[in-house]
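Letters A, B, C, D, E and F mark the chains in the order given here, with residues in each chain numbered from 1 onward.
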Amino acid sequence: MYELGVVYRNITRADRAAADALGALGSATVHEAMGRGGLLKPCMRPIYPGAQVSGTAVTVLLHPGDNWMMHVVAEQIREGDIVVAAITAECTDGYFGDLLATSFQARGARALVIDAGVRDVTTLQAMDFPVWSKAISSKGTIKATLGSVNIPVVCAGMLVTPGDVIVADDDGVVCVSAARAVETLAVAQKRESFEGEKRAKLASGVLGLDMYKMREPLAAAGLRYID
Amino acid sequence: MYELGVVYRNITRADRAAADALGALGSATVHEAMGRGGLLKPCMRPIYPGAQVSGTAVTVLLHPGDNWMMHVVAEQIREGDIVVAAITAECTDGYFGDLLATSFQARGARALVIDAGVRDVTTLQAMDFPVWSKAISSKGTIKATLGSVNIPVVCAGMLVTPGDVIVADDDGVVCVSAARAVETLAVAQKRESFEGEKRAKLASGVLGLDMYKMREPLAAAGLRYID
Amino acid sequence: MYELGVVYRNITRADRAAADALGALGSATVHEAMGRGGLLKPCMRPIYPGAQVSGTAVTVLLHPGDNWMMHVVAEQIREGDIVVAAITAECTDGYFGDLLATSFQARGARALVIDAGVRDVTTLQAMDFPVWSKAISSKGTIKATLGSVNIPVVCAGMLVTPGDVIVADDDGVVCVSAARAVETLAVAQKRESFEGEKRAKLASGVLGLDMYKMREPLAAAGLRYID
Amino acid sequence: MYELGVVYRNITRADRAAADALGALGSATVHEAMGRGGLLKPCMRPIYPGAQVSGTAVTVLLHPGDNWMMHVVAEQIREGDIVVAAITAECTDGYFGDLLATSFQARGARALVIDAGVRDVTTLQAMDFPVWSKAISSKGTIKATLGSVNIPVVCAGMLVTPGDVIVADDDGVVCVSAARAVETLAVAQKRESFEGEKRAKLASGVLGLDMYKMREPLAAAGLRYID
Amino acid sequence: MYELGVVYRNITRADRAAADALGALGSATVHEAMGRGGLLKPCMRPIYPGAQVSGTAVTVLLHPGDNWMMHVVAEQIREGDIVVAAITAECTDGYFGDLLATSFQARGARALVIDAGVRDVTTLQAMDFPVWSKAISSKGTIKATLGSVNIPVVCAGMLVTPGDVIVADDDGVVCVSAARAVETLAVAQKRESFEGEKRAKLASGVLGLDMYKMREPLAAAGLRYID
Amino acid sequence: MYELGVVYRNITRADRAAADALGALGSATVHEAMGRGGLLKPCMRPIYPGAQVSGTAVTVLLHPGDNWMMHVVAEQIREGDIVVAAITAECTDGYFGDLLATSFQARGARALVIDAGVRDVTTLQAMDFPVWSKAISSKGTIKATLGSVNIPVVCAGMLVTPGDVIVADDDGVVCVSAARAVETLAVAQKRESFEGEKRAKLASGVLGLDMYKMREPLAAAGLRYID
């Protein structure tokens, strides 16, 4: 169970340079670099296409239909953070709109990842403040119940600890634990460095079957060709 | 149960000026102005981004896989109307395409809101005829069974009475009862008038915690800060 | 049950000219031309708007979380094909990204239709390689289990036989059996040829009620107008 | 939009004898007798098998996560009523348990139909108080916001007016408008009266093809038999 | 695409003894015996608990909301068959009730597997006629459009060919191709024969870790124990 | 992100007496006693009705389609435990059947709570080994990938720490943190102690409106009665 009614002010953020650099690699490459881990559920979608960001997580736990803690988390944001919002139960209400986005952006936040809904999406796109959410909804919320800020939360099925790195783009959202950020960056960059050469080969008509030497294991597994 | 096989020709439309003015305020603001009411379920999504409209509802009740009544409702459209289509059971078929849109547009309709699917969406966007629907589907329909026109219908969970005001944008669709349109407009405009000042304050770094004087009630509710 | 571990190298593709020409008519018109048949479920959505293609199906059967056979099917692609990928169980993993797209495109494929997820969608759009899928997900796959290539598969609820014509656009995906491609094209073109005239009439304010002579059958069915 | 904060004390209940007699016919027969109308969505399921009831509807409109009005509606229940509860937005919380059931039962209610969740289902079965709901959930609710009692509500997609007849069994829930209860009963009873003879014929091996004289229309529609 | 409007009268049913014997082994064991294949999606649930059957498939393809072909397929049933019903699009209507069950049972059918809804479930249980479906619904159907009988169909995601063996119990529904029925029975029986010994060992407290000799491969895979 | 490939052998279980006593109070009462917290999502349903248990959590993290770690967790079970199984991604496969249940039961486990599917449900009921799951499926799993045992996991949306108390019945599953078990028991028992008196009053016809003194706050909130 979650601890309610607390705000942790001091969190250990992941290495800043690694957190910043991971964004350029994209969620798919970073996910692979972690041994295919860290992904939030694919129901988390960007509210507009084309955004690609990374940053350090500050977390907030909210109750269904209640966005009071959004104002509390705003104060804990530092430059380069991404707010990760979890809800204690299923909810698609619009917890966040252009006013909160203005505040978050002023505090240095790069994005919001929320396991619920948001609104004012046209304005958010104009502001260049990206959000990954599972819903878009005009449905308003109240301000009545305490949640928490900067506790470990589960967002879209993934455990996110304050200070973890969040990487988000059109393919989805991935969470890298702060302790593994530097190592994951190295693995991801290495992985990325091979992509150009592979792409060129494949573009020239070379088959993955040959490039990855798959013909033998496929035959060993029993694959039969029928003319 | 719905009354079937009837077309009400005379409906009382909401105040025209209010119906027209509500659109500029957007679904979220109007929904808040009604005390957080009137929203259709968030499964209702625009078929293309960026449209923002309002108008008076003419309603049509259809059967699953049957769009016969779409042609009947076309005749009842007046300039400034939005057609609201409900189905007697779950269906995602494509009830509406570019030909019907041409007819609706020629009659003065501003948009369609339908608790089912539509098709020809690329053409609809080119025509600038917005639709809010829960599906996009090529699936065709037949013309075999009577529904009704201009009876109260339930669309995406909301009761819509002919003549009500519909406000729709990228955030969703909201229904304002005709009797409350003028009053809701006033409340929404007042609400809107405060937004610019708030936005400026938040953009300057002022926190909602202070602007909305939330620190005291949060402390009273037991919020603890831990360093 | 599916036959596993086989690759059929020789398939009978639909008439090339018909396969190419069907694309311009769009999925809705082609679906109607087949007596409202051939549609894949509407959960199949384009990963970016505006693409409209047709081609001959090469099929691949995959296992959940395993994209090994994607490399096997690449070799069977010929110019003008569309790859249709089915999975033996529900899965939203990202089976396909920019590297495979580069390979498919180099082999002459026009698109991918997959009853699962894909990733690198921003790059796929930049490459102009359209995909219709039921999910977008960074989630990676392994290469461990044999499926099959060019067997009849069920993709999003529709039986697709290798060589069938696939037509896909923003409205959805439709499958035309190879044997009926020429005939379907003729019916669809005839249907299309009437559209311009109808559109002009409707745009001028003529009602479908009159153009389609519906008033009498509606009255016969018992429709009542109430003033 | 719904009218909030009101309790209508005087409602016109359907003919008592008809309301009572419809239950024995079952939801499927009654639905057919209305020309295939009146059904709530099939997500409405009994919390335990075998219950079959009918009664007159008293309605209550609730807010998500708030069951305050359940206590208000209790006072409006009369012998032979069934409470129909609608929620202003999607919710699966457990609005109702054994204490409320005790109260409803003491007031004469025969069942609850609720477009949300309930709890204490083991006890409810022991009490022989049937519920049709879309969820079972321990999730508790608060008592904070006004809804309404005895206004027309939409429950699981169907418009239910206070005083309508509700028929519910293992197949689902159907609503008969008060004005049509007597007529529907007559049609349903007539329909039912033919069932015994039909069942005997079919049990003896006579085919529906022959009993319903379908062979000719099937052939006319083009059905071909292939040996 | 499906072939419409045809009834194949002569189908090759799987070996009768194998078809009959597979039922006792249950869907899970048979599925494993096929290398983890043949399963219909888990949305297919029994309408009452405890039924366990097997038989040879006769198939029927239906249209949404139309059960006309149910009467056509009845004539093609032989003793020991199970009717497998597919729909050309998503539908949860109640296609089948006690009258059709009486007819099917009189013709020798053992069960119905349908990718839609059924009704009269209380009576079906009393008749001991099991059904696996994805919905229970009172919603009635019409008799207007031709489908087909005894063509290969896709039911709940699985390709079922007439004459295949269907095994169904509380765990789900599995399809065994007629050609593999005898071989699958042998594998399944062998698998089953080891179960008693394994169960006894596990019941005595022996761990699967030791019985299946998993400790070494787990260690090789890197499993670490932390005290 | 989860830590993979580890088994924590020493966990701190909640107070045994409290863990045992909480079961009799049921999930709804315990959830209320925690201030309406601790509930797993309502998709977690018992595989058969009537079971009511409590115990201390041992946790296992599994991969989609892979139940290898089920054998690893079996060794960590002690008398009075309930196994809580989480999956790293959405999966409805049948991870658990009668053989594993035999082993778990022999080790002293009282139940399984799993965010996926199980099979052999008829046998599990006969064995009196209850399971709460989100699916029933014959679908088999492989044994190939390491997860972890006794790490904090998220199961059906709730964070479960090894040693926490699990309470499960027909209403759902609730998790009580080990540290709060004794206190929660006291609150729940106190809550329960008032129920008998309330039930008697309500059964005699006293209204909740009067028993809970709601008439005044309802009037203050603006409730209007209309005759």
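Throughout what follows, a residue touches a chain if its C-beta (ideal position, glycine included) is under 8 Å from a C-beta of that chain, and two chains touch if they have at least 3 such contacts.
Quantities reported herein were computed from a predicted structural model and do not represent experimental measurements.
Engineer: When you check each chain against chain B and chain F, which touch both of them?
Structural biologist: Under the touch definition, chain B and chain F have A, C, D, E as mutual neighbours.
Engineer: Going only through chains that touch each other, what is the minimum step count from chain A to chain D?
Structural biologist: Tracing touching chains, the least step count from chain A to chain D comes to 1.
Engineer: Of the pairs B-D, A-D or D-F, which one shares over half of its contact pairs with C-E?
Structural biologist: From the options B-D, A-D or D-F, the copy of C-E is B-D.
Engineer: Between B-C and B-E, name the chain pair that shares the greater number of C-beta pairs in contact.
Structural biologist: The comparison resolves to B-C.
Engineer: Could you work out which chain's C-alpha centre is the most distant one from the centre of chain C?
Structural biologist: That would be chain F.
Engineer: Where centres are the averaged C-alpha coordinates, which chain has the largest centre distance to chain B?
Structural biologist: E
Engineer: Using Cα averages as centroids, what's the distance between chain C and chain F in whole Å?
Structural biologist: Roughly 44 Å, centre to centre.
Engineer: Based only on mean CA positions, could you tell me how far chain A sits from chain C in angstrom?
Structural biologist: For chain A versus chain C, the centre distance works out to 31 Å.
Engineer: How many angstrom lie between the centres of chain A and chain E, each centre taken as the mean Cα position?
Structural biologist: For chain A versus chain E, the centre distance works out to 41 Å.
Engineer: What positions in chain A touch 2 or more of the other chains?
Structural biologist: Residues 39, 89-90, 92, 139.
Engineer: State which pairs of chains touch, listing all of them.
Structural biologist: A-B, A-C, A-D, A-F, B-C, B-D, B-E, C-E, C-F, D-E, D-F, E-F
Engineer: Show me the residue ranges of chain C that touch chain A in the complex, using the header's touch definition.
Structural biologist: Going through chain C, the ones touching chain A are 5-10, 48, 68, 70-72, 74-75, 92, 94, 97-100, 102-103, 105-107, 117, 119-122, 135-140, 143, 145-146.
Engineer: Can you list the chain E residues touching chain B in their complex?
Structural biologist: Listed in rising order, the residues are 64-65, 89-90, 92, 139.
Engineer: Please output the residues of chain A touching chain F within their complex, sorted ascending.
Structural biologist: 1-2, 4, 34-35, 37-39, 41, 88-90, 152, 154, 157-159, 164, 175-177, 180
Engineer: Taking the touch rule as given, give the residues of chain D at its contact with chain E in the complex, in rising order.
Structural biologist: 26-28, 31-32, 36, 39, 42, 45, 49-50, 52, 169-172, 174, 195, 198-199, 202-205, 207-209, 212, 214, 218, 221-227
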